[in-house]
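One structure, pasted below without further comment.
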Amino acid sequence: MSKKIALIVICTILAAALCSCYDAKEIDDIAHVLAIGVDKGVSDKWRLTLQFANMKGSSSGEQMGTSSGGDGGSQDGYTYVTVDAPSFFTGLDILNTSVPRRLVFTHAGFIVVSEEFARDGLLGEYIAPIRRFSEIRGSVHVVVTKGSALDFIKANKPVIGTTLSKAINTSAREPENTGFFPHVTLDDFYEALLSTYRQPILAMGAVNRFENFDEKGPKWNNEYNPGGQYFAGQTPRYGENNIEYWGTALFDKDKMVGELNGSETRALMMIRGEFVRGFFTIQDPKEPELIIALDIRQDKRPRVKISFDGDIPVVDLTLCLKGDMLSVQSRLHYEEDPLLSLLEEKFKEDVKEHVNQLINKCKSLGIDVFKFGNVVTRQFLTIDALEEYNWNEHFKDVRFTTNVEFLIKRTGTQRKSYPIANPEE
Amino acid sequence: MIREGKFGVQEAMWLTAATISSKVFYTSPGLITGIVGNSGWYMTLISMSIALLSFTFICLLLKRFPGKDIVAIFNDTMGGVVGFAFSGILGLYLLFLATSRVSEFTNVMKIYAFPLTPSVIIIGILTAGVIILCILGLEALARFTKLAVYALLVGYVLVLILGVQNYDINNLFPIFGYGADKVILNGILRSSAYGEIIILAVFAKSLQGIHHIKKAGYISLIVSGIIISLSLLAFSLTFPYYSTLEITAPMYHMATLIDYGRFVQRVETVFLFIWFISSFISVTAVFYCITSIYCKLFRIQDAKPIIAGSAVIFFSIAVIQVNIGVAAEQTIQITRQYGWIPPFALPLISLLTAMLRKKGVVSHE
Amino acid sequence: MPIFQSIKDFLSYKEPPNVDQFELLEDETEEDERSTERKQDSNAQRGPDSQQNSSSAAENNISNILQQNRLKIEQEFNLPKNKDIIVRDIQIGKNTDAFIVFVDGMVDNTTINDYILRPLMAENNFDNIGEERSIDYIIKNVLSVNQVNKATTFNECITQILKGLTALFVQNCREGILIESRGFEKRNVEQPVTETVISGPHEAFTENLRTNLTLVRKIIKNKDLITEMLPVGKTNNISCGIMYIDGIANTKIVDELKRRIESIDIDFIMGDGMLNHLIEDHPFAIFPQILSTERPDRIASFLMEGKVVFICDGTPNASVVPITFFHMFHTSEDSFLRWQYGTFIRLVRILAFWLAILLPGLYLAVTLYHTEIIPTELLLAIEMSRESVPFPVILEILLMEVSFELIREAGIRVPEVIGQTLGIIGALILGQAAVAANLVSPILIIIVSITGLGSFAMPNYHMGFAIRILKFMFIFLGFFAGFYGISFGIFIIGGMACSMKCFGVPYFTPIAPKTRVNPDIVIRQPIWKQSMRPDSLNSPNKKRSGRKVRGWAEKEKRGNRK
């Protein structure tokens, strides 16, 4: 009896084998795409750019000569190809004929879209094939870039180490450290597109051509500058890395309608409850020319209470933050009362101001990117009632009040700082 | 007669629970949310209560005829012809259930994991596994289920727990979905989701006594209700109601979103094991019941030669369903609405007839 | 033609044979009855086997006339052709003729010379012989040997002579005397070869049955420990001893075992390896169903649980029935260590089991079908290292695995002197050079070595073989259908294993079916919690220890409260 079972099993396996294994892709028959870029094309409707590893980096002990940065577009073992095509899949097919291996998207790290593309509202069209394709996962990072996506991808190099994928992955997680740009995945974006009660946002990126960095010129006077007010691509810096992620792109469904700078993004993240940590500098209340730096973290998720005054929604927002002191330039004793409370009040005012400005800005655009709509759903019993109310329409009339709860918890390694002795005149 | 062996309460319980809950991995959650919105998770609890109620009737019926399985009972209470028809309907229902499960499984697999493999091979391998385990007997299947269920449960809970980062409580509101009336109505109609409980009645002879059957049945219904409800809950927490309609295989998609740091990403392929093994188990269990009913209907003593033949029929029907594609899905939808008739209504009718005709043993407790 | 016959057999229908499946069911009352029967029956050792007197009884019986006995012996033993059998004629007490028969080399010469021949030939030993028959007189007064038996048939004598006893035939007596005189060359008790432990006894079985039985009796000094002897092998006539503890072991198992052994009709059995295969329930299954071990302490612990042990002459192993899957993962070391360490080691072994079976198959499945799971950097590194390798992955893996098996097989037969070099050669050739020559990728070396290590970590040698074979099966399944194929394989193998029964006990007890909680499957609970014997054996005596195992701990608590 067992012999017959064995015979059946062997026959089945042989049969499967004879039909050959369709899905077995040898690992060296495929090329992994790491980044996807989409622009409006000139020769055709879309311009599709794909960046993938070209396996020319160093392998298992053999140190071949470093690949020269020729115009083929090879960068440290990575290369990109670009094509103008009528649709995503046609473009893919065209590229597959010129790239010797089959391109596979399972390890794609981010999708970058040009601002022009986003402002024309083409994202809705474009997102459809990407969403249905099983290879592109819902967790890829999506970025809108000033300029063209092709330039962005060209400039995308790993600054530290040689693995591009690591660089992509770690930079996508930077929001946890600074809060200057949001971490938005394809799934997030898509959900917000379909939503009846919120609007999508995307991270903003750019290729910084170091124009704002004046190497020579008059030195800065002591004006206070919080440092977050730049837009993407305008931060005054210089160095190896061209690419930067900074700020947020605001969407009204699939059309981009606005942009936020760094500090506004931080306020946005705080309201959404996604802010993790960041360094803030505020003006010293007693000596306006000097600053105090604080390390701010979100204590609890923000509390949002929504009620209705007739048809007008009334939002009561409470942010809960906590912080550590990082530097007190004036060396006054801010670590203890009464200066401590003064400092806390100053910070709260700062944050409130930023938050109010931001909400008013979005009100004027008529978009709710703060996830207030999510809380509104609790007020309705059925989906039909919710959709009838149409939160998106009513958002521009919302009345809101902001409160900030903030406590400074620790003061760093110094309990107090004493003034530097004055040099003898 | 057919060697069905004996096994205990725990094995029967887990076998039935695995058979019922493995449907949670396929397309049904998405479809449910399309109908009732994000209140699917307590709608299924309503279905479960209806199923519990119907199972009580089945138990009463089995209690009147101790030591007999449902085919013999139909025969006794309704007479030769009608009993034959009832058992035949039950058999056909189970056949349809199993083949639609196989075609759903194949479709989901082809979309996500094996896009190029022809469906014939996928169904072929599944059928081969089913044949081999049916030849080995029901005991072997029940024991294997008991053994495998630890790993399956751990994996299932892991998917739910790891998905915590994507949960948002606000996605559960509005709480009544598309309306409380729709929820209750669909809850009652869709109790067919728990219809596989009837397989306990089909192999009632392997469990020692009505007491065991009761225990196994109730506990397995409750356990599978919890499993299905939890997965629908997790699913509704992750996706708001407007995007759930679109997703083909929700549990798989949820696993796709797990993303902790650089390393724990893209782990949904690990959970493929759970889905494959639970599908194997459930299809084999239902297939075994089909063969068993057939043999008992035609009074065939030994099931082994029948298994090969039934497997061929099963394979062909499954392939046809896969090839029809969209039309098959519509049929599945219709059946889900009326699918509660064979497993719940037929035994109820049989019970009433038995009470009227005063057949069977009435135990005085 | 055989192939047509087999196809015809396969396609046509045959009624299944009506073989009674041996089931171990619970019926308490029957047990009590039978055990009392047994107790009354025999405490005395049942002597050697119950040979059937097939040939005519008359011829078989020892006759009065010495010459006839002598002729019969010469005829049976093919004397004078057979130079191993020695016949020594003597005169007892200077007046009675007699002769002794023994096998040269199997007897202890001192016993024969000093304790048999000398007292028999001494004249003054026979002074007080009165009305007693001479046989009884000789047994009681003359022979200064510790074990002496009377025999009435030739078959008895012959069997015992072949075992090393000496037979004494006396003129005018219808009985022969069988005298214990065994003294053949055998190996000393040495350290176990395959089952070494760090903290535990280092004694192992030898090829001699009596020594082995003694080793077990040294550990269990219980009057209810019974050894029953059965002959096996029609032509080579060795003995097989069945040991069990009466009152603890379920007599049904013993009876079934005896039934199976007695019904074997084969001419040559050497040791329990062959015997195992003849009495297994499922000879074609891949997993072993009888555990064989060379340590007496393990045998003792199995006996205490209620299992039945049988030992054969000829191999230094003893076999235990009934066995479940989880016993293959236990070693005796687990009992000698503290429970935390024992549990830890067991978990490591289970991990080794799964790795050894599944790792190459999983690697194939992941790199061919499911590359998403690998982190991107690792994937690119693997790709980079496979750039220059000409083979597809399946061929690489098969190459490495087959070479590994070759090395393993060769390593067993290599003489000790070259043993070290072989290890180095293996490592060099297969490892470094192959990678440098771009024949295999480096990650494959790691996979193959971990798989090999995993299969070495199995305590049971036979299970290790099962794992190696299954590994190849999973390699092919992973290659053909990725994770789907591997789950198919798990389903099939799991199903086949679950359908096995070993002497009525399902193979995966106590998990499936569920019996009373056995604190000793994977996690080893402290020894004071293991108070009941395994439920599946339905032994008549279920309790192992009293309620308060650690009496000193309990008493102290009460003392403190005062």
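Lettered A, B and C in written order, each chain numbered from 1.
Operating definition for what follows: a contact is a pair of C-beta atoms (placed from the backbone, for glycine too) under 8 Å apart; a residue touches a chain by one contact, two chains touch by 3 or more.
Given the structure is predicted, the values throughout are model-derived calculations rather than measurements.
Comparing chain C-alpha centroids with the centroid of the full set of protein C-alpha atoms picks out B as the closest.
Note: the chain lying farthest from subunit C is A, by mean C-alpha position. One inter-chain figure worth recording: subunit A and subunit C are separated by 67 Å, centre to centre, where each centre is the mean of the chain's CA atoms. Computed from the mean C-alpha positions, the centre of subunit A lies at a distance of 43 Å from the centre of subunit B. Within subunit A, contacts with two or more other chains are made by residues 5, 9, 16, 21, 23, 106, 137, 166, 169.
Residue positions 369, 372, 481-482, 485, 492, 496 of subunit C each touch two or more of the other chains. Residue positions of subunit B touching 2 or more other chains: 114, 117, 121, 125, 128, 132, 136, 262, 265-266. Within the complex formed with subunit A, the subunit C residues making contact are 10, 282, 284-285, 367-369, 371-372, 376-377, 379-380, 382-388, 392-393, 435, 442, 476-477, 479-482, 485, 492, 496. Those residues of subunit C lying in contact with subunit B across their complex are 13, 15-16, 366, 369-370, 372-373, 375, 481-488, 490-492, 494-496, 498-499, 506, 508, 511-514.
If you check the complex, the residues on subunit A that touch subunit B are 5, 8-9, 12, 15-16, 19, 21-23, 106, 134, 137-139, 166, 169-170, 173, 187, 190-191, 194-196, 371, 374-375, 377-378, 380-386.
By the touch criterion given at the top, residues 37-38, 111-112, 114-118, 121, 124-125, 128, 131-132, 135-136, 168, 170-171, 173-180, 239-243, 253, 256-257, 259, 261-262, 265-266 of subunit B touch subunit A in their complex.
Against subunit C, in their complex, subunit A makes its touches with residues 2-7, 9, 13, 16-17, 21, 23-28, 30, 32, 34, 53, 55, 57, 59-60, 104, 106-107, 109, 137, 163, 165-166, 169.
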